Amino acid sequence: MPEPKKLIGEDGRRLDGRRWDELRPISLEVGVLKNADGSAYINWGKNKIMAAVYGPKEVHPKHQVLPDRALLRTRYHMAPFSVDERKNPAPSRREIEISKVIREALVPAVLVEDYPRTAIEVWVEVLQSDGGSRVAGITAASLALADAGINMRDLVVGCSCGIIDSTVVADLDDTEDKEGSGDMPVAIMPNLNQVTLLQVDGIYTRENFQKAFELAIAKGREVYSMQRDALAKRFFSGEPQPMEESA
Amino acid sequence: MSMKKNYVVETIRKAQMLELLNRGKRVDERALDQHREITVQTGVIQKANGSAIVTLGDSQVLAGVKIATGAPFPDTPDKGLLVVNAEILPLASPYAEPGPPSEEAIELARVVDRGIRESEMVDLHKLCIVEGKTVYTVFVDVNIMNVDGNLFDATSYAVVCALRTAKMKKYAIENDKVVMKDEETPVPVEKTPVSVTLARFGDKLVVDPNGEEEGAMDMRITITTDDDGNVCASQKGEASTITPAQVLEAADTSIRIGREIRAQLVEATKS
Amino acid sequence: MPEPKKLIGEDGRRLDGRRWDELRPISLEVGVLKNADGSAYINWGKNKIMAAVYGPKEVHPKHQVLPDRALLRTRYHMAPFSVDERKNPAPSRREIEISKVIREALVPAVLVEDYPRTAIEVWVEVLQSDGGSRVAGITAASLALADAGINMRDLVVGCSCGIIDSTVVADLDDTEDKEGSGDMPVAIMPNLNQVTLLQVDGIYTRENFQKAFELAIAKGREVYSMQRDALAKRFFSGEPQPMEESA
Amino acid sequence: MSMKKNYVVETIRKAQMLELLNRGKRVDERALDQHREITVQTGVIQKANGSAIVTLGDSQVLAGVKIATGAPFPDTPDKGLLVVNAEILPLASPYAEPGPPSEEAIELARVVDRGIRESEMVDLHKLCIVEGKTVYTVFVDVNIMNVDGNLFDATSYAVVCALRTAKMKKYAIENDKVVMKDEETPVPVEKTPVSVTLARFGDKLVVDPNGEEEGAMDMRITITTDDDGNVCASQKGEASTITPAQVLEAADTSIRIGREIRAQLVEATKS
Amino acid sequence: MPEPKKLIGEDGRRLDGRRWDELRPISLEVGVLKNADGSAYINWGKNKIMAAVYGPKEVHPKHQVLPDRALLRTRYHMAPFSVDERKNPAPSRREIEISKVIREALVPAVLVEDYPRTAIEVWVEVLQSDGGSRVAGITAASLALADAGINMRDLVVGCSCGIIDSTVVADLDDTEDKEGSGDMPVAIMPNLNQVTLLQVDGIYTRENFQKAFELAIAKGREVYSMQRDALAKRFFSGEPQPMEESA
Amino acid sequence: MSMKKNYVVETIRKAQMLELLNRGKRVDERALDQHREITVQTGVIQKANGSAIVTLGDSQVLAGVKIATGAPFPDTPDKGLLVVNAEILPLASPYAEPGPPSEEAIELARVVDRGIRESEMVDLHKLCIVEGKTVYTVFVDVNIMNVDGNLFDATSYAVVCALRTAKMKKYAIENDKVVMKDEETPVPVEKTPVSVTLARFGDKLVVDPNGEEEGAMDMRITITTDDDGNVCASQKGEASTITPAQVLEAADTSIRIGREIRAQLVEATKS
């Protein structure tokens, strides 16, 4: 397949000036919505994503109750204005699949057995979309879970790596995702060294597969330190927090 | 979206509210005709042609404008299209659910749409590129991010601010073809309609009810006025009533308060 | 905005010959459907609207039960052949909104507290549509409620006024609604002097706003006397009525 | 739409019906092969190209015809389109619900549609304006207003009467363009199909079951015949059976009764 | 209506070589799916149809329970690749109607009163469609019911007859159905001599109506003998069957 | 689709499985890296352009290819369209329900689609007839007929075999018009991607879990490889985890097992 656009310059820099293993700018803020039990906002490249958590709460309809653990509900949803062409507000097949893999990426980190017969809702709203929106969404969602005081084994954090101009690079942006030849979103529990999400698109030699995968994990750990800072800022900053929120 | 859950607590709280109102006071210390603080941030979504996050107290709304081209309606061949949609995101409230727009969200979008449309805020004739063939289509999508009462006004302000700051590609007709140019031009905004919503408690009207007040109010009336103090849209809401005299009182209040808010929105969206 | 068509002639008459404050012809009939617990049919200009009431009846699904009052359900629905271009039978956003405001216009007149834990259904079917269909629908629906023997504080009756050729006029027809510059449907409880529906479209000076609003109320009272006549004809006419219907 | 609610009452009532039928009588005094009174009112909806309200006893049906132009199906480039839809309005019966068409409403519309279509009542070739490009599209929408049994026949009569009285705009081809003229022309009706429905109770067949009879009947058979006494459509309904001999008996009855009803419908729709 | 194609040749043979009263080739196989409680596969002309039965099983939602008998659910569904032009997978109005008449054709043969408060599900999947798919589906479905061990009064079997070139013929194929002037699917319980499905399309003189109808019944009886053979092969063949299936 | 119904039985069975696995054995006697028997039958649906029934143990899948022509996407004017859809038929399992595709069916179709698409199995450029105007549209619809675990691989093999044997009409451009010819040509297949799914039980990975194993497994990973041993798609599934080392182990197994299966699929679809 022809790749007309050169995505890596003579100087080894990518179109936005990054080195092959460099992350885009990321900022994280925890506790940004008033009504939600927990929330977090992430700016990652051009991604702007809000995640919020409600629960544990009663399960409706009742036949979905899990007797021994919490039911985790997730929705990954894109605002109509979040992409270049206006998106129909109805959920696409892509959004339905991503909602499922996000749920399966978060559940392993939640002590669902501590909340039998309840529902925990995780809403991920993509206000502006860029490459790597699902891993950015997971990164924000696990902060929102922590903000809601849900018992967790570990945070979940992700990064997407891939291949452009036959080179493994970290953290694809929108152009690199579309024009490049491979995208590999990975989410991990960094302290437990477990992978909770893995999806692969593209063509990878066995060597490149391993390189991209290990790079994704390494960069995920880098994002994890930003997650911790954001949580620390939320709970241990100088500003006094309202009691019910820091409890 | 009102949060009626515990009838006993609600009844007691409502009695308190009425007692306060009889002394000219509200639960959050505001005067009866005082709206909550409004903040406006524009240009927040770079992929949109225009966008604004507006907070009205703790209600928070994000509006994004997307502009494309398309065919006009057959009966208005010389006018562009303007469509307002709203979704109350499930993250905005414990009572919001994912799924197709609720009755409330549809009413909200349509009332805001009428305020924009009837005031002739955007000159739809100027959105015509080739009569009968190609016009601008302007979609304004609203995401409700946090619900704390009076979504009508918060949404209206967000849509107005997003449109006032939106830019669209220029088009030229070259060799009978419509060609997109690299230049941009603002959306042709002619007016700044302002929606003001009042809640009735017994015989008192209060401006801009917050979430707690909405839970206890008897009814709601939204009145949108334009730069000249004309009424251009209104909607009574909730399964209760209002006297004719109160309607006129509400109109006067809306014209007066609308003037203040208009000045603030215009200021916040100056280029 | 250009208003190419002159809607008021030299002689001060509107296109259909009416004076500025004149109603279109209205006829009302109560008790026209066999199965419904109550029904009424209205001809108002070209509007042809059937309203019917079923209930009080059991509430399904159960979680919608209101413990202290009746649940009022309404649907305003247009037949595919009721308008110039065939309408798709699926409910439009406009129909969903109007169903809501009709419900909110009728509930204040119904002694819902007399029927706790029940549903009262009000179906408004527009067989042919003209200007003012929602107020015509409300006018018929409140007669259908009365016909069904539902306890009521007052009837509800409406009229829509507006502006054409810069003049306030009563009871817009279809052309006036589309070509004119403002439409204001108002519904009232005439004996209690309460407004139960108010929607405004168009551009009104403060003075015209008041003039149109007060005109709508005055004309609504005119329609109210027709409502009373229609009810009287139903219940106190010479013809004997089947017992269960006049009870 | 059958109103089976109280099994005990129903069982007793059914026994009574059967006993009456064995004496050649029905609950409403009709003969076994006697249909209820039919009334027809046409031209009731001015905005429709044709319309009719038909009552068959206490069943009441309104049919409206809307005619526009559109593209033909690729495999029938020289034929217009004819579509019948039915909605059982929630006001028609305590058991009807608002929402998308039920299985019953879909079967009803399709059976009536087939009766119209298979009889070649409307000459679809005459609905072609420009072959492969522009044809008339004829929509017949049916609103069931009151349900008291045998909606199949009531709907069929309403559709037939609406079509027999419908008029459509003339079109001319001028300079290769299809131009609408001010004149009108009737829909090209060639036949008058008549649907006759029978209900089986044990070994008895009765014509035109009313609502109460439908609640107790074993099964239903609808047979549509044309002006020449040909069978052009049929549909057996309900989860029960009929013997081959009864099918032939039903066909004979339908042809005979259909002739009477056809005369009445033709008379009621004379121009 | 013009019938451009001659469907019967000079020699009295139809396009595929059949005589007027001849069936297309039919093969039947019972017990072909592992998970279903009963199943049957039919090849009839170009029809390829799989029918399967699950049940008796619990009824969900509960309000559909029939206190004195089983609820029979049916779905007639066409695969997107089963027809010339790809079919949208969502159920069409035609499929909804056929699902209903198939249910009404099968219920009379099932001793539903033996299974009160349960559901019996009958799924008919048309993998390739030809003329007469609904009667082929019914023929397979009643075998699947028998295979599932459901108590039955009789089998149900069908055949569709019709008119081509003004001649009554048996068992229309796709071309004959589309180009011909009449199609009459009939299903019967052969031992009880009862008709359980009858649909008629086309124009039939009284004489042709009877001729086609009686031909359909006679040919249905022919198919019935193949049904019996297929059941015998399933249950009494030399090969030992797993115990739970032949029980 | 996993059949978790009786927690007690499941727990005991899972313990048995783990014990067996620790001794290198599986419930159905297979080796840990051994897939179930695969059978392939192609050309089963004559009305389809290509079709295949594949069984993988007791999982049975039918894929049908329908090819038409249409307009390309605006941003890829020189590429044809390829769409994979899947429906888990209600007859396939006691837990499948009729209705719109479930979350599981959507994931299944999309993962298989990505394996086909990312491997560049079909050269989409060769599906272009007239750039920007007319391209081939290739629909692959999958009917799941019987569910016994590992639908991902069974579906993938059925789609691959259906595409490898599919033929499409030739088109020529004559007088600026696209004209269908009577000749047929194979779909331009360049690669044979093979999906291999592994299940994790504790620290063990097993190839091609059957239905019973799926009910007890901790998680699932699907890896699709191409003819050159490249990884072209992968998807981790289920609400559990996998270690980085296990991912690499799974990749090696998939490449190795994929090679065997590819040879079998190519053999079964030789023309």
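Should a chain be cited, it is by its letter among A, B, C, D, E and F, assigned in written order, with residues numbered from 1 in that chain.
As a working rule, contacts are C-beta pairs under 8 Å (C-beta built on N, C-alpha and C of every residue); 3 or more make two chains touch, one makes a residue touch a chain.
Computed from a predicted structure; not experimentally measured.
Touching subunit A and subunit F at once is no chain at all. When you average the Cα atoms of each chain and compare centres, the chain farthest from subunit A turns out to be D.
Rounded to whole angstrom units, the spacing between the C-alpha centres of subunit A and subunit C is 52. The geometric centre of subunit D is 49 Å away from that of subunit F, both derived from CA atoms.
Subunit A and subunit D have Cα centroids lying 58 Å from one another.
Averaged C-alpha coordinates put the centre of subunit C at 58 Å from the centre of subunit F.
Within subunit B, not a single residue touches two or more of the remaining chains. If touching chains are joined by edges, the resulting network of the protein chains shown is one closed cycle, each chain touching exactly two neighbours. Chains in contact form a single ring whose order, set by starting at subunit B and proceeding to subunit C, is B, C, D, E, F, A.
By the touch criterion stated above, subunit B contacts subunit A in their complex at residues 44-48, 51, 58, 60, 62, 64-66, 68, 85, 87, 89-94, 98, 100-101, 139, 141, 143, 145-148. Those residues of subunit F that touch subunit A in the complex are listed here as 103, 106-107, 109-110, 114, 118-120, 221, 223, 226, 229-244, 247-248, 251-252, 255.
Listed in rising order, the residues of subunit E touching subunit F in the complex are 33-36, 39, 46, 48, 50-52, 54, 57, 75, 77, 79-86, 89-90, 121, 123, 125, 127-129. Residues 1, 72, 93-94, 96-97, 99-101, 103-104, 107-108, 182, 184, 189, 192-206, 209-210, 213-214, 217 of subunit E are the ones touching subunit D in the complex.
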